[in-house]
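Data first, discussion second: the structure below is written as structure tokens.
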Amino acid sequence: MRVTQSNKFGFTINRSRLIDYDSSDRKVREYVTLREPSFRLCFACGGCTATCTAGQHTSFNLRRMNTFIRRGEIEPLREEVKRCMLCGKCLLVCPRGVNTRNVVAAAAEAIVKLERNEL
Amino acid sequence: MKTMSAHIVVAGGGVAGMEAAGTLAGMGYRVTMIEKDDAPGGHLLQWHALFPDRRPADEVISHFRKHTEHPNLRIITGTTVEKVRNHGSGVLVSLSGGAEEQADAVIVATGFELFDAHRKEEYGYGIYDNVITSADLEAMFNRGLVAKADGSVPSRIGLVHCVGSRDEKVNNNHCSKVCCVTAVKQAIEIRKMLPSCEVFCFYMDMRMYGPYYEELYRESQEYHNVNFIRGKVSEASVNINNRLVIKVEDTLAGRPLKMELDIIVLMVGMEMAGAGMRLAEASGMKRGINRFLESTDHHYGNNLSGLRGVFYAGTCTAPMNITDTISHARAAVTETVKYLNSR
Amino acid sequence: MYMKPEGKKRIWAEYQKEIPDDHFFYVRSCIRQTFFAGSEQYFLKILRDDLGKDVYEDPRHTTCTGIGYHGDVVPFETIQAVVARHFALATEAGYKHIAISCVTSFGIYSEILETWKHFPETLERTRENLYKATGRTFDVPETISHTSDIIYKFRDQIARKAKYHLIDISTGEPLKVVEHIGCHYSKMFPKYGVGGAEFPHVLVGMVEAWGGDIIDYPERRHCCGFGFRQYLVQANRGYSLFATRKKFESMQPYRPDMIIANCPGCTMFMDRWQYTIREIDGITYGADGQGIPVLTYEEVAGLVLGYNPWELGLQYHNVQSLPLLRKMGIKADPSERFLAKDGSRLPEPENLING
Amino acid sequence: MPELMEDLYSRLLQDVRFEEGLKACMNCGICTGICPAAEYYNYDPRRIVDLVQTRNNDIIRELLKSETIWYCGQCMSCKTRCPRGNTPGMVIMALRKLSQELGYFTASEKGRQQFALKRTVGDNVLKYGYCIVSYDVDPKVHPEQGPVWEHYYNHMDDSLARLGGELNGREGPTRLIPDDVLDELKNIFKVTGGQALFDAIEEASEKKAEEMGMEFKKEGRDFEYYRHVVSADNSCHQNEPEDVRKDVYETGR
């Protein structure tokens, strides 16, 4: 999400931060949902984020990462999946029984596959 | 059993009015139910299926038809109650058209009106072809066809919560309580009718307060792939391909979001009914800042009007679902009988 | 397209503000007098000469300081007193109706009047401040109108005197016109604007009265991107261009013939950024890729009334209007666009759009 | 450190625009949904309002020193829609004013730009009686104005005459504002705190220039610090938002 262009007029033009749902890529969501069907159950309570060890030290936010998967926002997702340490503490607190750890693992897989054009 | 011949007027023939009138008639009272439309039934008549179990509204309507078929119960339709006032030991009831009824007690069950979606101008109801209300969608369910105005099949539908509720801009700070669960119910119905149609609910809080509501919410995610986006829709417009475009913040991502939709369903809330407001105004009944009737105590006096022999039932006091409306009407019956017995 | 006109009419009926018939106290716009001076002059000319109205301009009036206010270097107390000084000049001259040439000013006047209503102590403090600083006193005006409100009010009279219409004379079809209102016209206080905030009628009414068709496109309500500090500071200008480009992308599928704009800043940015976007991205918008002329409502009214486009100032836009004028059947010699005081020809600017 | 004792929320409440602009936010995001700045910068008006309504002094101070309060373009589209009748744009205006009064604005790149606004628009008002004047819009520093403006600027007398005006004339567009009128404006600025705000901006900027080791002049725009503030872009304005709340809680600032 960096600045993209500079020009002879002395200013840069940023990229849009808008989530344009019609042009986003939902293949990762489909893959994650298939690999971990409990993903559908997340209702974004944030319990996972509150207990998250990685979240104490980095900007990692599992609740928001789930939202990115659902909206097909791949670019921020790429960074997010790297930050999780897969400790699984979040599994213990999820009130909907989502296999959160597996969601991250599946998302990471999906991103690798996406880069290899395997999705 | 002198009191059993008492005459009770019930103002309104919706769920609350029918429950109260039928119950009182069954107990042996003489009851007159005044309904403003051509037939009793209220908003229920427009509904296709009810939350949370999606039972057909017809079942509940036929229950009430039976419940209100009683020799003690007289139903006057096409008429409204304009004013009530204490007269002798009873209540004098003035009807539209000038007629009067002498009653021993009155139950006010004038109900609610659906919020007029035109007032949320930014959503373009009445301007854009494919912006409809939750009530319009029920009518589509009744016809068995969910389609765009040009007859084509929608591939993406968005349900916008809190239209006319929790909104200072339209002078409604209250929550209408039933719209969240209605949206989830309707979302599931759309998904069942049109399995290839994506459905999105745009909500601020999911207020699934009743029995099996939260379970329905879960079901909608687990089995019907209904999508939920937390954010109040800012505006709707239409593009050159006749698709609606909405702007909203996906507050859980912390970023603005834009999406094309084929149909927008506005989950319209409840407001105090106009006929009830006129009646309250003429009769000196107190109303709260949300314009609904204000009972003498919202905990233990929530059927009491403060006027002798006049009681409240149902959504004229606050938004309620059908179950709570029935309970509230039964409580009004209890209060009425208690009052008549103590005279 | 795909819209029910009766739905809009219903809204328009709800937002009809009081626009006086005559006797206006006129206040100018910093941006318009600088970049579109012809528009201000023709507002006065149309009102005085064509419509026979009394419009008074006191040369002692100044900026309202609105750009400074929204650039956050002028405090609210200060701008209230500056605006109150204009009210004092109007009071001294016996005028009760203010005609405001700028949407930023108009928004500020609205905000100030509303603030005085809700917080009466702020009116008292403003009276004290103004008296202390200048010795002046004032009456709160009876009405404030944006100058487009006034043209709107007399749009049918203008239509009756029309020499040209917003119609393509070769096909007889109405021109496709995009209207842009400017955020501060009615987004803050919908009741101050003709037609309210969501579907303002002020420009739509003019265009329809003069024969054109209005295009309603998804980003109609979006800001032009002026953003005060977002344009005024060089490093921030991407913000401004970004917003305008978003609007162009959204209106382009409708192939508009022109944009009619309400607000000084919007008029400028929607014109200037078309040049800049062409330089950066190589893209030119418009029906035939010839750019979309952005005109003020006075310029449009002036064309309809048959005034010389070059005296209205149409040539002082980066996007030149020659194809538009041809469509409307207006004969104007392009070589007479840039003249010196003595009538001699100035060298022509290069690299204009549709030059 | 006496500044720590000051209750910043009370200071904000003294601003009538703040009182009008913030009742109680329920975080619905309707403002952000149509906000031009939220789409361009890492900016979320909903979040700003939510942070301010914590009434936490440390959080508010962080905001006053942050980049984020300078992203809003004051289009006020948020006012039309807010279901709680708030105006995030007005909350921003109150924050910006306080940030300048306390000298905090120089802590951020976008905040430092206030100096440029003062030296352009601010000075113009008291010098010419206008926020913007044609002879001050030099095409060399405004290439984006395009060829038509360059032409107009170079032939200003002729062009304005064609449009029925006279540069520095007695009436009409871009007329000369007489000294006695400018004196009235100056008095208004003195009486109402406008001059004090100018002074606060100047003072903090001069201090910052010194801190940054940059040349500073008491007038005009032709010096290093001015050129720096108008053109600096650290390219970080689209990064993930600064987590003001987290910073405050974790570092105890």
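Note that the chains are named A, B, C and D in the order they appear, and that numbering of residues resets to 1 at the start of each chain.
Note that a residue touches a chain if its C-beta (ideal position, glycine included) is under 8 Å from a C-beta of that chain, and two chains touch if they have at least 3 such contacts.
Being a predicted model, the structure only gives us computed values, none of them experimental.
Check B-D against A-C and say which one is joined by more contacting C-beta pairs.
Of B-D and A-C, more C-beta pairs in contact link B-D.
Could you tell me the distance, in whole angstrom, between the mean C-alpha positions of chain B and chain D?
One centre to the other, that is 48 Å.
Between chain A and chain C, what distance separates the C-alpha centroids? Give it in angstrom.
Result: the chain centres lie 45 Å from each other.
Distance between chain C and chain D based on Cα centroids, please, to the nearest Å.
24
Taking the mean of the C-alpha atoms as each chain's centre, how many Å separate chain A from chain B?
The computed centroid separation for chain A versus chain B comes out at 40 Å.
Which chain C residues reach two or more other chains?
Each of 197-198, 221, 234-239, 241-242, 276 in chain C touches at least two other chains.
Two or more other chains in contact with one residue: find those residues in chain D.
34, 38-41, 80, 144, 231, 233
Counting only residues that touch at least 2 other chains, which ones in chain A make the list?
8-12, 14, 16-18 - these are the residues of chain A that touch more than one other chain.
If each chain is a node and each touching pair an edge, is that a line, ring, star, complete or other?
Per interface graph, the chains form a complete graph.
If you look only at chain A, which of its residues touch chain C in the complex?
It comes out as residues 5, 7-14, 16.
Under the definition above, what is the set of chain C residues touching chain A in their complex?
234-239, 241-242, 276, 279-280
So in the complex, which bits of chain A are touching chain B?
Residue list for chain A touching chain B: 17-22, 40-41, 43-44, 63-64, 67-68, 70-71, 73, 96.
Would you pull the chain D residues touching chain A in the complex into a rising list?
Touch residues, chain D against chain A: 38-42, 143-144, 231, 233, 235, 237-240, 243.
Please output the residues of chain B touching chain A within their complex, sorted ascending.
Contacts found on chain B: 206, 217-218, 221-222, 225, 227-228, 230, 250, 252-260.
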